[in-house]
Amino acid sequence: MRGVSAPAAPADRDARFTDVGRLVVRCPDRPGIVAALSGLMADAGANIIDSQQHSSDPSGGTFTLRLEFFLADLGTRRPDLEAALGELAGDFQLTWRLTDAARKPRLAVFVSKADHVLQELLYRVDAGDLRAEIAVVVSNHPDLEPVARAHGVPFHHVPVSPHTKAEAEAAALEIVGDADLVVLARYMQIVSAEFCGRFPERLINIHHSFLPAFVGANPYQAAADRGVKLIGATAHYVTPELDAGPIIEQEVARIDHRATVEDMRRVGRYVERQVLAQAVTWHVEDRVIVDGAKTIVFA
Amino acid sequence: MRGVSAPAAPADRDARFTDVGRLVVRCPDRPGIVAALSGLMADAGANIIDSQQHSSDPSGGTFTLRLEFFLADLGTRRPDLEAALGELAGDFQLTWRLTDAARKPRLAVFVSKADHVLQELLYRVDAGDLRAEIAVVVSNHPDLEPVARAHGVPFHHVPVSPHTKAEAEAAALEIVGDADLVVLARYMQIVSAEFCGRFPERLINIHHSFLPAFVGANPYQAAADRGVKLIGATAHYVTPELDAGPIIEQEVARIDHRATVEDMRRVGRYVERQVLAQAVTWHVEDRVIVDGAKTIVFA
Amino acid sequence: MRGVSAPAAPADRDARFTDVGRLVVRCPDRPGIVAALSGLMADAGANIIDSQQHSSDPSGGTFTLRLEFFLADLGTRRPDLEAALGELAGDFQLTWRLTDAARKPRLAVFVSKADHVLQELLYRVDAGDLRAEIAVVVSNHPDLEPVARAHGVPFHHVPVSPHTKAEAEAAALEIVGDADLVVLARYMQIVSAEFCGRFPERLINIHHSFLPAFVGANPYQAAADRGVKLIGATAHYVTPELDAGPIIEQEVARIDHRATVEDMRRVGRYVERQVLAQAVTWHVEDRVIVDGAKTIVFA
Amino acid sequence: MRGVSAPAAPADRDARFTDVGRLVVRCPDRPGIVAALSGLMADAGANIIDSQQHSSDPSGGTFTLRLEFFLADLGTRRPDLEAALGELAGDFQLTWRLTDAARKPRLAVFVSKADHVLQELLYRVDAGDLRAEIAVVVSNHPDLEPVARAHGVPFHHVPVSPHTKAEAEAAALEIVGDADLVVLARYMQIVSAEFCGRFPERLINIHHSFLPAFVGANPYQAAADRGVKLIGATAHYVTPELDAGPIIEQEVARIDHRATVEDMRRVGRYVERQVLAQAVTWHVEDRVIVDGAKTIVFA
């Protein structure tokens, strides 16, 4: 149980993840790859629960595959499976990741003053809809400490000023430690290229516009000035180039001429929380694969 | 401030409701009604901020109007405005309601064990997006007491059994007292006709299907059996006939063949919380007018 | 090219379907089935372009698979592939269908007086977005003959009266002949169980409501009476029980209190044309698999 | 009736527009304006069918109003109504437009080679859903002549080359004459500032992206390169600055990683036709009011 304000998840909810594994594979596309992989899994005695694949281009493109499988006694038999995959990897130039569905990834969430996205992540974790552990909340402002604490999550206040940016990042990295995923949940600071490099394909940001429209600061004011009829939000992996990393999810909401900038912010908060929570959920379920500047999402 | 886990709303957020009034009018449609009402408001010195109207049928139908206006010193001048409206009412057979936007309506929320809709109402109240006070939470189960308490809201456990239904309702009514609105937020009990009669057009329920499909219990199982491709939720005013009261809001979400009943319930929870929160928000902003079996929603 | 009013599709649009095949498989789920099938395809020299699969239940459920593949000289090598599949079929109790993507299915479209769905089907065929041939239009009214003729499609007027229903159906069946798919595109007649039996899983209807709400005639009037906030449409395979066949696709559109029944019909026409065109497109691309009372749609 | 391929609209469909007028008003906001206008309409004997208004800012902003009214013998009594409005206009600095709903505006539609948007406009006009007359189709390519002719609409081929742009525009303007509205329906040419100036707030373009994302040419390629998860379309009034005029309507459609640029174009065509048809419909129903860089849409 995650905190005082949340009811316990049903005890048997986690049971269905026992001995369930996920295999994510990427390699140059060529005939025989599916036959080889499914043969390997069949030999291992794994029962495929779900399988999704994509060929970016059947001749000369990238092949990606996500398998969800049941394998009795997964923990014990995992080394054998990994060895078999390792052998295949050489033949097919494949990179692969094997995860145990029962293990909850550890998240570090960065916020500033706005609480709406954090609240949603906490709600979904408590509800069991987002199977992860929020290990720590880091903020450059102290405001959201009560929110984190109410859910039993450690909170760290790391002030940032133009002069202390480097030290602040170093302190934050120390706190984050070996988190599986870092989420910038309306953290109003630009992180350094070094920070990005520490969490390759494991650092997600929510941008409060429909990218690539309204890159940068204050997108709702820009949207109001332009007179758009839909406002949006974009969850993306963070790369050193501002607001340019691979997009995971986007959504929009309709507004009309009556909407003030403040109304747009209000409506936008609900889009943002939905989009980021969805992107984080897909990530922790191993459904997102980065392919150059884009993502493949096996939703 | 509503509770320990929520940051304070900006202090000036409420200021914009000072001296703002809302007038909701319903009468038989006939020429001259708008001229008479807008003349009355102009004479009173009110500045119209927003005006929406509807004629169910220009000849012989019902005319409905919602005005939002600014009137300096509204509290002091309200009696004069009411007197003027009272005079007009006789001429035009109009029923009207005048509310002070600064006053937050008091809500009583009924729940059972599921917390998702209650959590959303609490979040929106804390965020200032739903301008109301949740005065009390009533439940036939004790499970959600920590949720209410964490937001500083009194919680009452009123067990219901087939034999004690009447006494339980009486006890609940006592607790609810003079609440402005009663919200059945996944309260899994059917309330009596007497209960409905106590809160005419002030009792809102969320039904977890796209009514009139799947009336009654266990709609997600019924939806799964039928193989629907969209699942929905419906917020409606409660009348003695089960699931047949005037609909305020509906929304759907897309599912596919992979969705189990449990998946539908999970997806549905997000639709339900959105639909009920929207309906309650419209109600407390005086945007919903019941017209026979239907509603007019000045969204 | 289909008719005088439509520009020719780009000449190379069809080229990408040459030597492309689709294999749709259904069988009891059991380990090894994917390995066996992908091995078979690899042995045949087929290059998998797209693969989607579903297990209704990993233990004891139904396994369904849709493969899209490239096989040079498909026409010549098809018999060998079929023989190999036939051998596998016995071992795994699988039913399968192999189609040549280059061959356009032949559609028979039934209409009454309303033209909107027919127009959309004709538009999408002309645009190359729906890869099918509309072989014939059949109607119980003569009104839409000009629409069909303008697109070069034969039109047959088969009047239906309560006394001549059986003869009319017989005449219609003769006209339809060996069509691959029969589409009831707002054909306001109930077809017989015999008619349904002639086109198992090959007879699609558009119902102008969000089923199972408003089964039967005049759903828009029923929707208006109930005061719904969304109206919908449902495309489904036809079975002898009215409006109860497996649902392929559903969509809704938002309306408000201003909508008259006529407005609902107007808005609904755009939902209907979208939903039916989508369902027919999925069907002709072998993306829909009937599984009891439901469908699996590999969209 | 508009052409051979379309069934006649019901004869009584137009009757409901007889003696129906629309008044659109814009002026500096100040108390008393609604009372004055509704008094004027009541004195004239007009029965208000629909009324929508907007204050951009209750203190010092712009007030806009759209009235739909019934006035028996509108044609005869219109001069008196106009005189009364003229008198009021001075007092309130109001600009106004009075239209007779029975009169169908005349549209000139510019296209290049793509037919999807033109087809949709023709369909909606034929169906009676877009109450306008398409007076002429102009194109820089001859391809769509059969489409226009099939609906009985004159078609003019006006070739454009870099050297003949000015002459071509002059020729096009001659053809367009006194059209009420000019629609650029995927006309792949940039029109001159002079052309824009000839049709102030009466020149609508469809841009095949979610503006302001992907301004300029080839937005679908740009969208594919960026890996967006939604593609959009924007209908806007044309001003001399490219793709920067007031937005009337926007919509998006979801795509996933499987979408090629060609898939995006195909999906986008359906969004474009919907968005432009909606914008044109609102315009001809006097529902769109330009307010600086934005629009007010009384939908």
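Letters A, B, C and D mark the chains in the order given here, with residues in each chain numbered from 1 onward.
Rule of thumb we're sticking to: contacts are C-beta pairs under 8 Å (C-beta built on N, C-alpha and C of every residue); 3 or more make two chains touch, one makes a residue touch a chain.
Since this is a predicted model, take the numbers as computed values, not measurements.
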Remark   = Looking at Cα centroids only, farthest away from chain D lies chain A
C-alpha-based rotation, chain A on chain B, 0 to 180 degrees, nearest 5 = 180
Ask   = Would you say C-D or B-C is joined by more C-beta pairs in contact?
value = B-C
Query = Cα centroid separation between chain C and chain D, in whole Å?
reply = 35
Task = Express in whole angstrom the distance between the two chain centres, defined as the mean CA positions of chain B and chain C.
result = 42
Request  = Quick one: which residues in chain B touch 2 or more of the other chains?
outcome  = 50, 258
Note = Within the complex, chain C is touched by chain B residues 54, 210-214, 225-230, 232, 246-252, 256-258, 291, 293-297, 299
Request  = Write out the stretch or stretches of chain D touching chain C in their complex.
outcome  = 4-7, 50, 113, 115-116, 119, 123, 127, 129, 143-144, 146-147, 150-151, 258, 266, 269
Ask   = In the complex formed with chain A, which residues of chain C make contact?
value = 31-32, 34-35, 38-39, 41-42, 45-53, 55, 58-59, 70
